[in-house]
Amino acid sequence: MKKIINNPADVVPEMVDGLVRSYPQYLRQIDGTTAMVRSDEDSMAGKVGLVSGGGSGHEPAHAGFVGKGMLSAAVAGQVFTSPTPDQIYEAIKAADHGKGVFLIVKNYSGDVMNFDMAKDLADLDDIEVKSIVVDDDIAVEDSLYTQGRRGVAGTVLMHKILGAAADQRASLDEIEALAQKVLPNIKTIAVALSAATVPEAGKPGFTLADDEIEYGVGIHSEPGYRREKIKTSKALTEELLGKLDSEFHFESGKKYAMLVNGMGATPLMEQYIFSHDVLDALAAKNITPSFTKVGNYMTSIDMAGLSLTFFELADDQWLDYLNYPVETIAW
Amino acid sequence: MLNGATATKWLDLFAATIEEKKDYLSELDTPIGDADHGGNMARGLTAVKEALAKLADPDLTTVFKTTAMALISKVGGASGPLYGTAFLEMAKKSKDTDDLGELLTAALAGIEKRGGAKVGDKTMVDVWTPLVQAVKDGKLDQAAIDDAVNATAPLVAHKGRASYLGERSAGHLDPGSMSSGYLFSALLNAGVLA
Amino acid sequence: MKKIINNPADVVPEMVDGLVRSYPQYLRQIDGTTAMVRSDEDSMAGKVGLVSGGGSGHEPAHAGFVGKGMLSAAVAGQVFTSPTPDQIYEAIKAADHGKGVFLIVKNYSGDVMNFDMAKDLADLDDIEVKSIVVDDDIAVEDSLYTQGRRGVAGTVLMHKILGAAADQRASLDEIEALAQKVLPNIKTIAVALSAATVPEAGKPGFTLADDEIEYGVGIHSEPGYRREKIKTSKALTEELLGKLDSEFHFESGKKYAMLVNGMGATPLMEQYIFSHDVLDALAAKNITPSFTKVGNYMTSIDMAGLSLTFFELADDQWLDYLNYPVETIAW
Amino acid sequence: MLNGATATKWLDLFAATIEEKKDYLSELDTPIGDADHGGNMARGLTAVKEALAKLADPDLTTVFKTTAMALISKVGGASGPLYGTAFLEMAKKSKDTDDLGELLTAALAGIEKRGGAKVGDKTMVDVWTPLVQAVKDGKLDQAAIDDAVNATAPLVAHKGRASYLGERSAGHLDPGSMSSGYLFSALLNAGVLA
């Protein structure tokens, strides 16, 4: 493991310290925690607070999306480990400005349970808290007999949509309704060229040969659904877009937003080339996305690879929400 | 006899095992998880040990509650809320009884409620369920523990991270079941059952 | 080489295509070139045009900095190869709105010569063109007997400063004077954990052992000044900040901007930890930077490592320029 | 005799060598450069060949000008402007003379002006300078070419990317000198000198 770190056990506190001291105009660290709240207090007044978070290792998520027009606070757990309820609870308190707090949680059993416990704590304080569990990763079966689909890069789009609504003073109930309406329209699928190395583990979660890739990995280097020889970007596009098509049944009359998300070690050069191939494939179906974003948004430490997210814009207002101006580090 | 002192001994023994088996637990969590179960548990149990060491002659409820709070605020991930809830439920129950069977039954109920897993889902519930029964029946021994842990290997996971692997989760021990096995072994060695 | 690409020879045109189609609100490709101009034409009216560029492989540089308040156009050459004069010339023409065009060139012999030839071509058209050659990399000797120092991540700060001035209608002469005044105040030093792989070459420019790092590398995987065993982030900070200190002689009375720049494969987690260590080391000298930025700005394809840039804010207005709002993909 | 036809032959031969030695040139550009000299030159000479093939019985000036424009617009990097300028200067000069020595002298002057390198800086100038003289003296042969190219190996670079390596640039052939050597070999084999 070759990483620019100090003691692996100190990765999260040092990272959070570096982040808030580099960007005091956006973030303030909540005392005694590794949770961060928007430093522009005024921009939260009279609005529903939005809190997200999860294990660390997904930078710039989630703190990079804290700021006017997007999240109110983000909680950073240990690497790839859900934050604890007490930390989430502190973030909820900091995000609450009397209109209640909405939690955006990724569907991992740890996250779901810890955010639930935090909600229980906030209940005791009479802070009204509601939440959505994002499960956009179509790589895994969605069934009653599994944990359900994972929450991955599409979560960032949920942050953006709800952030715009909250900034425009939507109520907690309205935000909950919006989140539920948006949720089934966001779907993601990933491919990995290499796995992530958790600093404290010291070696990658799995190993791929020099010419192998794996489809359907999660953002914690969870193994995916198929391992193959490396293909061209065009061939990867076919596989990933095909999987998404069998969920969306892409139609030229409909509007879509598209997010190409780098996993941490994959350069923008490759992400742009992949975007070119996706846009070509869509153009062949007479589709041009109404909104596109390409870059590292929900990473997996130093994993190489990328994910492709589509978001069907079933409501015209959602495009406005995506284009709504924000002041954050990373959107 | 379960009381503040023997419970502390139980948890100190558990902490020592976790510290020793930290890397092994993370190794188990690698093929079917995210390689952090050892780190998570070690972080939590170090905090438990430190917190308990600060208590002067605590009662059973205080030991369990202190343990629960340390686990809840230090472990994170899936195992944090699960172990945390287990000890929180034991803390509540210990106000009425010091019967280990009843306490562990409450703990298991808490785990089930928090995580929604059932027997056969390849989670710690698969170890807790038979071993709580064994405690009640006065039949807890290392062989029973090993059997319960090893029985998770062939299962296909339906809860937790391992469930994303589907059929490929079979053939691997469940890490949370292994750490739960250590908890029951510590119980044996703490002499609480005597 | 494991990369998400198609034919290595098509990397640049496909990347440029993916980029402009993903971000039509910022960029328009100039016909028949791999140069890109700001799509918001109105925002350029009556202002000096700013053109930068260079070899590809430094994404998001340079096109990611095209937009209102920053560059007017960017030229993308082949990977790690300066663009050709005809392409630069087209960018100059597109950027010219009657007030002349200023070129921001990185000090590499190829870039300098090709931009010079483009200037000759523009002269024939009576477009007034001036330029600055950025040479912020203190890893190499600056002497009459060498090529001089390389232009690296600090170039992005030059884009930002001049972009703000141009947007506020500074004249071509004023921009030239500003560039010359700013230039000696920007200095950068880098460390690599692995070298970049040029797609057409198929293998990295150099190889480092699993526990080796190299100080002083350039942004094309040019070898640096010393190879060592991997150190802690804190120890790297000492080396890099020490080199910068012997140039700047940091003083607590002075103002500085700081840029931590990831090289492409280094996750933000490590960059934030490194920032934490730099900020700690500066705090020990009673210095808090007035402006900080951390992320991938001037990359070297898939190189792992980072660079540290300081910019002494000798003029208070420069801080305003850094904070001046822009509309770009990547600032 | 140098004319449109023999100059075209010269450049076709050069293009063929570059195509063949592409990987080798990039290899030379790896330890002391950025591993692209082969790709740069191949891209340029492919364009030159295609552009020349489209000309019907061109004169010398047209051949050189066409070559210059193709190199300038296709090569990029350091070698593009340098080779491009060389051929542009030969195009200009060829309006007055078809003497190879005079033409190459103009080319070299262009390279020196564009890049500012002097003899001993470990650039293509170190090959052009002795070989232009050899052409003038009627002494150009493969041995002279090899000597000029090989003489760049021990030098420490003062211009171009290799200069960043300082002393460590010594012990490696200069890639641009090698490709320049190929240009002069092609001249030999095109029979232009006869």
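The chains carry the letters A, B, C and D, assigned in the order they are written, with residues numbered from 1 in each.
Please note the rule applied: contacts are C-beta pairs under 8 Å (C-beta built on N, C-alpha and C of every residue); 3 or more make two chains touch, one makes a residue touch a chain.
Here the structure is a predicted model, which is why all the values come from computation and not from measurement.
The chains that touch chain A as well as chain B do not exist here; no chain meets both. Centre-to-centre, using mean CA coordinates, chain A is 53 Å away from chain D. The geometric centre of chain B is 75 Å away from that of chain D, both derived from CA atoms. Per-chain CA centroids place chain A at a distance of 28 Å from chain C.
Residue positions 79 of chain C each touch two or more of the other chains. Taken pairwise by the contact criterion, the protein chains link up end to end in a single open path, with no chain closing the loop. Chain pairs that touch one another are A-B, A-C, C-D.
Listed in rising order, the residues of chain C touching chain D in the complex are 55, 77-87, 108-110, 113-114, 116-117, 139-141, 145-147, 150, 198, 200-201, 205, 218, 220-223.
Interface residues of chain C facing chain A in the complex, by the touch rule stated above, are 2-6, 11, 14-19, 21-23, 56-57, 59-60, 64, 79, 193-194, 210-211, 213, 230, 232-234, 236, 260, 264-277, 279, 292-296, 299, 301-302, 304-306, 330. Residue ranges on chain D touching chain C, taken from their complex, read 26, 30, 34-36, 39-40, 43, 72-82, 84-85, 114-115, 158-161, 163-166, 168.
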